[in-house]
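Reading through the structure tokens given below for one structure.
Each chain gets a letter, A, B, C, D, E, F, G and H, in the order it is written, and its residues are counted from 1.
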Amino acid sequence: MAKVVVLSEYCKSCGLCIGVCPRKVLAIGDKPNSKGYYVVVAADPDKCIGCGLCGTVCPDLALEIYKDK
Amino acid sequence: MAKVVVLSEYCKSCGLCIGVCPRKVLAIGDKPNSKGYYVVVAADPDKCIGCGLCGTVCPDLALEIYKDK
Amino acid sequence: MSKELMKGNEAIGEAAIRAGCKLFFGYPITPSTEIVEYLSKHLPKAGGTVLQGEDEVASINMCYGAATTGARVMTASSSPGFSLKQEGMSYLAAAELPVVVVNVNRTGPGLGGLGPSQADYFQCTKGGGHGGYRQIVLAPSKGQELYDFTMEAFDLADKYRTPVVILSDGFLGQMMEPVELKKRPKADLPAKDWVVGGCKGRAKRKVASYSLTNEIGEVNNLHWEAKFAEMKDSLQRWEAFHAEDAEYLIVGYGTCGRIAKSAVLKARRQGIKVGLIRPITLWPFPEEAFANLDGVKGILTVELNFGQMVEDVKLAVECRTPVYFHNRLGGMLPSENEILRKLGQVFDLAVEV
Amino acid sequence: MSKELMKGNEAIGEAAIRAGCKLFFGYPITPSTEIVEYLSKHLPKAGGTVLQGEDEVASINMCYGAATTGARVMTASSSPGFSLKQEGMSYLAAAELPVVVVNVNRTGPGLGGLGPSQADYFQCTKGGGHGGYRQIVLAPSKGQELYDFTMEAFDLADKYRTPVVILSDGFLGQMMEPVELKKRPKADLPAKDWVVGGCKGRAKRKVASYSLTNEIGEVNNLHWEAKFAEMKDSLQRWEAFHAEDAEYLIVGYGTCGRIAKSAVLKARRQGIKVGLIRPITLWPFPEEAFANLDGVKGILTVELNFGQMVEDVKLAVECRTPVYFHNRLGGMLPSENEILRKLGQVFDLAVEV
Amino acid sequence: MQRVFGRPKGLTELPFHYCPGCTHGVIHRLIGEVLEELDIIGDTIGVAPVGCAGFSLDFFACDFVGAAHGRAQAVATGIKRALPDKIVFTYQGDGDIAAIGTAHSIHVAARGEKITSIMVNNAVFGMTGGQMAPTTIGGQITTTSPYGRDCALVGAPIDMPKTVATLSGAVYVAACSVDTPKNIIQAKKCLKKAFQVQQAGLGYALVSILSTCPTNWGLSPADSLKWLQENMLPVYEMGELKMTEEVKAL
Amino acid sequence: MQRVFGRPKGLTELPFHYCPGCTHGVIHRLIGEVLEELDIIGDTIGVAPVGCAGFSLDFFACDFVGAAHGRAQAVATGIKRALPDKIVFTYQGDGDIAAIGTAHSIHVAARGEKITSIMVNNAVFGMTGGQMAPTTIGGQITTTSPYGRDCALVGAPIDMPKTVATLSGAVYVAACSVDTPKNIIQAKKCLKKAFQVQQAGLGYALVSILSTCPTNWGLSPADSLKWLQENMLPVYEMGELKMTEEVKAL
Amino acid sequence: MMDKILLAGFGGQGVMFIGKILTYAGMLDGREVCWIPSYGPEMRGGTANCSVVISDEEIHSPVIEYADFAIVLNQPSYDKFLPRVKPGGVLVANSSIVSTAGKRDDIEIIAVPAGDMANELGNVSLANMVCLGALLPKLTMVDLASVEKAVSAVVGKKKPELYELNLAAVRKGLGK
Amino acid sequence: MMDKILLAGFGGQGVMFIGKILTYAGMLDGREVCWIPSYGPEMRGGTANCSVVISDEEIHSPVIEYADFAIVLNQPSYDKFLPRVKPGGVLVANSSIVSTAGKRDDIEIIAVPAGDMANELGNVSLANMVCLGALLPKLTMVDLASVEKAVSAVVGKKKPELYELNLAAVRKGLGK
């Protein structure tokens, strides 16, 4: 079990995470954060395998990844 | 036939020419020039073979070399 | 003649091209960068060269080199970058090389911010580099003047063989106004019979700034002293705005100068006889503007710094009328109302804002 | 206490060591070089570090870095090298970093010569770097003062968190005089609770000088303005030499100041009431020295430049008595007789030289 | 569930002020992780000059000093000489390190100054709006090379790490990129080694990292990565360009 | 009899002001000869910064410009950009070129500036009285390294030509010495080539020349040559360090 | 007569652009004009603003302490610039994303759903032009004709289709 | 009382050295002293000079316009500094290499064949000390005893043989 959490106030909607996610978990959402960025959401959260690629490329530390240990 | 000519006002008595002359033509003289340097003289002028080594190392262009052509 | 809408920095660039500037060496720094950007685009088309130096020190020394050949050359920077050029400025003044140097003053000290400031007044007019040289400093206050003064700066530089500083600020540089792209009439300038370029057919020349002995140093300095005195006598320039009958004078240059005009007009509408002296040459400071102070009850100097030009005003006024000071700092600008309020306060006048 | 015969530059070096200076960064330049040479020899023995920077820009920025840690640090240079440090000086002032900077003024502008000069007065007191900051400037006039003022400079720098400039000249730097190597009493200085050094056990700290917005810039500048005003109020210092009953005042600092003393004594021997004001702090300029000018018929300012301090004298005097000017240039010095002659000339006095 | 990825302790909580998609942020994270992993947050002083990263003073959890443009290495030298037992690093742009800071870049390396420098190479002056840098690629259009960088007139881009590697005091010189997860992980390794070199007191360490500037390149974040790969990677030599024996032995 | 050796036309008649035995003079002669042989005296502008050679403005027969310490290459760049058809060269000390002038030394090479630089390496700052230079040899005593240069603290000497050679615009980089007649003749060849490179417009050319400073080394002129041979030659790589194909084809 | 206009929004919303259009419009009408961008080392993508002064006499002080008119395209700009409109002035807000809850009684606040209206034209980024249109009737120094000339001058030559689109947005804002 | 002394010669002739000896001598005697080198970017090996002031009161102006005493060790120095001695002053010249043909009647010129005398001591470079000896009786502020102390302080510790040699030269100049 793995989970990706988006910290919306950090996300700038650059989309880089979407490109690297092997399971197409992420997508640009339709709600702007306080700065006006349409933040990424886990559109298909259950597919997440916790590989961490999204976090690796995210320039704004807007993603946290959780896993069962 | 070769001849070395010392331009006394240029010579600073550094002695470098003396060291390279293969025929020991040159020596520090006993007359100072207007700046007070005891200029080099051709002590044994006839031995000069015009090899040009003295002029090559002289930092002050105080030597001219003449040769029959 | 039709006008072009351009940023102040662009007006400087265009004026340089039309003044025959053939080389520009500079290092980008906000808020001067549009100058090098504009020239990068347009100077090559006019047969000139733009080269980005590795830093400001390189740039000013490239200017030094190019100027020794007689070519018209310019650089531009902003406060911290201008500081780095100070050794070079001193060398330009000493070697008497005509170079136009733009300082788009931003707020300092240190890194500071990008807002407009006039805190480099002393640096341009008195201090800056070592050795006590003086240089012409022009203070435009609007797009048209940025254009006109830049053009003129090249002539002045050539005429007096001196660096000329255009002291602008981030506000003027970024502002867009219509500018008439006038052609400057050909000035009558001395022949550049001192330039290097290969001595074929003439005696060798050299351009340098050293004094082998103190005696030579004194001779050289007396020459410069005389030249500075001549420049001081012949170059003072200012705009007098409603100053003839003024009972109160505002003194301000550049951005402050133009804002002050609105204050003057507003005061006049209220029947208060306020006028403005707007120095155009900051060095030489227009002392002559203060020769006649009959009827003037007091002066208010407005600056974007801790108080710099106010000293020159006091020296020019020679205690004939009191001199007060108003400032804004850190990139902030005074409004016309603020100036008016201060005027009312120091001279005890009833003003309406 | 016994005295040591030392060159002025060496006295600076020795004083720095005894004041607890732990780091020196500099780049050699005549006539300041004995300072780095002396320290290269002696500072390591005292547990300190001397590092030759790759140039003056590097050196002043190394000082900046070292000062952020709270260590006592110094650099020294001479006019062209001091010009290169101007961006750094502005950053030091803005980041409020205590650094002692020696400028052994040589004659300029440009490369100039190696003789003594006071042409960097404005550069040190007003202009120099961008942004209108102010810094303490001390003007020693003999070996003992070079030593004493250098020691004190470190305390002043720490007390006010500011760069302090020692403005010397090639003459003072090369001259050998006996110097008493006094110990400076421990000053009561504020804790350095702002220094970086690893945030273990406390909140992280930063030292910087930027203003993100104009509003912040204004706040920062108001802070500096207040600090400069406080320094101006509390730091003015000068020597009054036969000034109490003087009818004529000479004003001169450093080398000119001491030469002027001989002129004063010679004049007094002729019954002419001449006195001297010798500014010790050039910034803040000792305006207070001119508070009471009763009985003073005129002032003669003597400088080794085109006329710089004379402006500060005029501003301080506020037209209460006429101010005249005498200078020598290019590395030349006035003699006491020359000063006396000038005094006689401008005030129409019969002097014997 | 346990957090397996998130903000390292080496960073403060402050959101970065960089443009969307700018990889300055990735590099920040890597450094933040290294600081945490080596447990040196409390013993480190960072130095940031002017440039987009000029305000990074607030983002790292360690003490920080803001330097003038180009002067980070000189400032770091001063700090390190005053505090030889602390860890000192500089975070600089390519303009900073390869244009105005050139002399210091060469001389910290020559002196073997025991500091760590990180050079973020985005082929332009970012903060001032995208002018040409010494690292701008041949033909690349910038605001001061509006017709494309003409190498015949202004030279080919400088490969700074290669030049620095010639200096004997530079004991570790690496060139990385953060365009792919793989390269990001490699960059982290190099960064870590560069700090370990300093901990061991071996000499000067430089890590150059290719980074994007979507704003000034005028490209989307994703296209920026592609542009980097197509235009920068072929020009700049990648890898650990220099490692002394002592460094290898670490 | 015919004069077979004497003053070249590239020099004025003025006696040099250098100290007795200082090999600055030898290098001057070589340049004077090259200027004459290539027939470019009337088309050349030399640039001298500050240093012992700072007053060499008077010694060469061509036009000359005096630059600030360290700035010769920037000044030369300005001249060359203004007058691309002229020959421009700089004559600089090692302090000038490798300390304060470092950034310009790197960037003229990076830009491929079409000028010729001559670096006179005497391992000290000569004119200011013999302080340590970046080129000072390990252990060498100078006025600012009174206990001998400690390479652990200040680094090993910089071999500037090697560093410059890494830059793509530097098409010809040579390192020579004037300690023996043979080396002097070799140095002349390199100097000549460096000017020919410029005539052909190929790029930047640098010739570094090891030279003596009897005064500041505290040695006789003859012992100075020996010191150079024993201490400098082993440290500095000699020879034509870099030649592009185009230069080889000259 | 003098119109002092403040324009503010997110970077990318075209604030600078409508500023320049207004300035051009004024200039082409023979007015004195002046355009001033705000300028700061702020985060890119942050708030941008500029001010425009159009006048029939020389513009001395270009500093707008209190504006006659304002256009605000996003919430932070509304909050920041609401107090900067002088009594009797007019503020146009892009009500698609701006809540005009914070009110003033002494000025006229025109709430235009500019985002939505622009969307109707097929391009949300035309919201700026819609707002410009909404403000136009209030301005004393420029009118639709001069704005048409300005748009034509700025984008017309190169991209006629853009000209049409922009003007359509202006007209939509104008209610024409 | 104040002795103002000018010292000049070639670089290498030890001009600076005798200046320092005089200065030390004065200081060790409790006088106020001041030593000033000339300084210039002149050719090395050129003329060097320095000035020394010794006084029983504070030395304000250290600038010597006209000297009370001078020692000149070579011809250019003689020519240059002859006019700089004040009327009634004393000039000592190393007549081994200086021609004192250019004369002044209002000062005392002491021609000492210092080079030859130094040679007799086995070292021509002691000519400076010989001249110093010759000047000593004329000085008001230092005497042989203080010079002895000074030489001892400056070179004595490290090199006793040098101390002896130098003093022998001084005494020879003094005629003792």
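To be clear about the criterion, a contact is a pair of C-beta atoms (placed from the backbone, for glycine too) under 8 Å apart; a residue touches a chain by one contact, two chains touch by 3 or more.
In this text, all values refer to a predicted model and were calculated from it rather than measured experimentally.
Counting only chains that touch, the fewest steps needed to get from subunit D to subunit F is 1.
Chains that touch both subunit B and subunit G are absent from this assembly.
Comparing the CA-atom centres of all chains against that of subunit F, the greatest distance is found for G. Among all pairs of chains, C-D has the largest number of C-beta pairs in contact. The distance from the centre of subunit C to the centre of subunit D, with each centre set as the mean of the Cα atoms, comes to 29 Å. The distance from the centre of subunit C to the centre of subunit F, each centre being the mean of the chain's C-alpha atoms, comes to 40 Å.
One finds 34 Å separating the Cα centroids of subunit D and subunit H. Under the contact definition stated at the top, the residues of subunit F that touch 2 or more other chains are 18-20, 54-55, 66, 68, 100, 102-103, 106-107, 127, 134, 154.
Residue positions of subunit G touching 2 or more other chains, listed in rising order: 40-41, 45. Contacts with at least two other chains are made by residues 12 of subunit B.
The touching residues of subunit C, when paired with subunit D in their complex, are 57, 79-84, 86-87, 90-91, 93-95, 105, 107-113, 115, 117, 119-134, 208-222, 224-225, 228, 305-306, 308, 311, 314-315, 318-319, 328-332. Put simply, subunit E touches subunit D in their complex at residues 12, 41-45, 47, 54-55, 57-58, 60-68, 71, 74-83, 86, 103-104, 106-107.
Interface of subunit G with subunit C (complex): residues 20, 23-24, 27, 32-37, 39-41, 59-63, 65. Interface residues of subunit F, counted against subunit D in their complex, comprise 50, 54, 66, 68-70, 99-100, 102, 125, 127-129, 131-132, 134, 143-147, 153-154. Taken in their complex, subunit B has these residues touching subunit F: 1-3, 9-10, 12-16, 19-20, 37, 50, 52-53, 55-61, 63-69.
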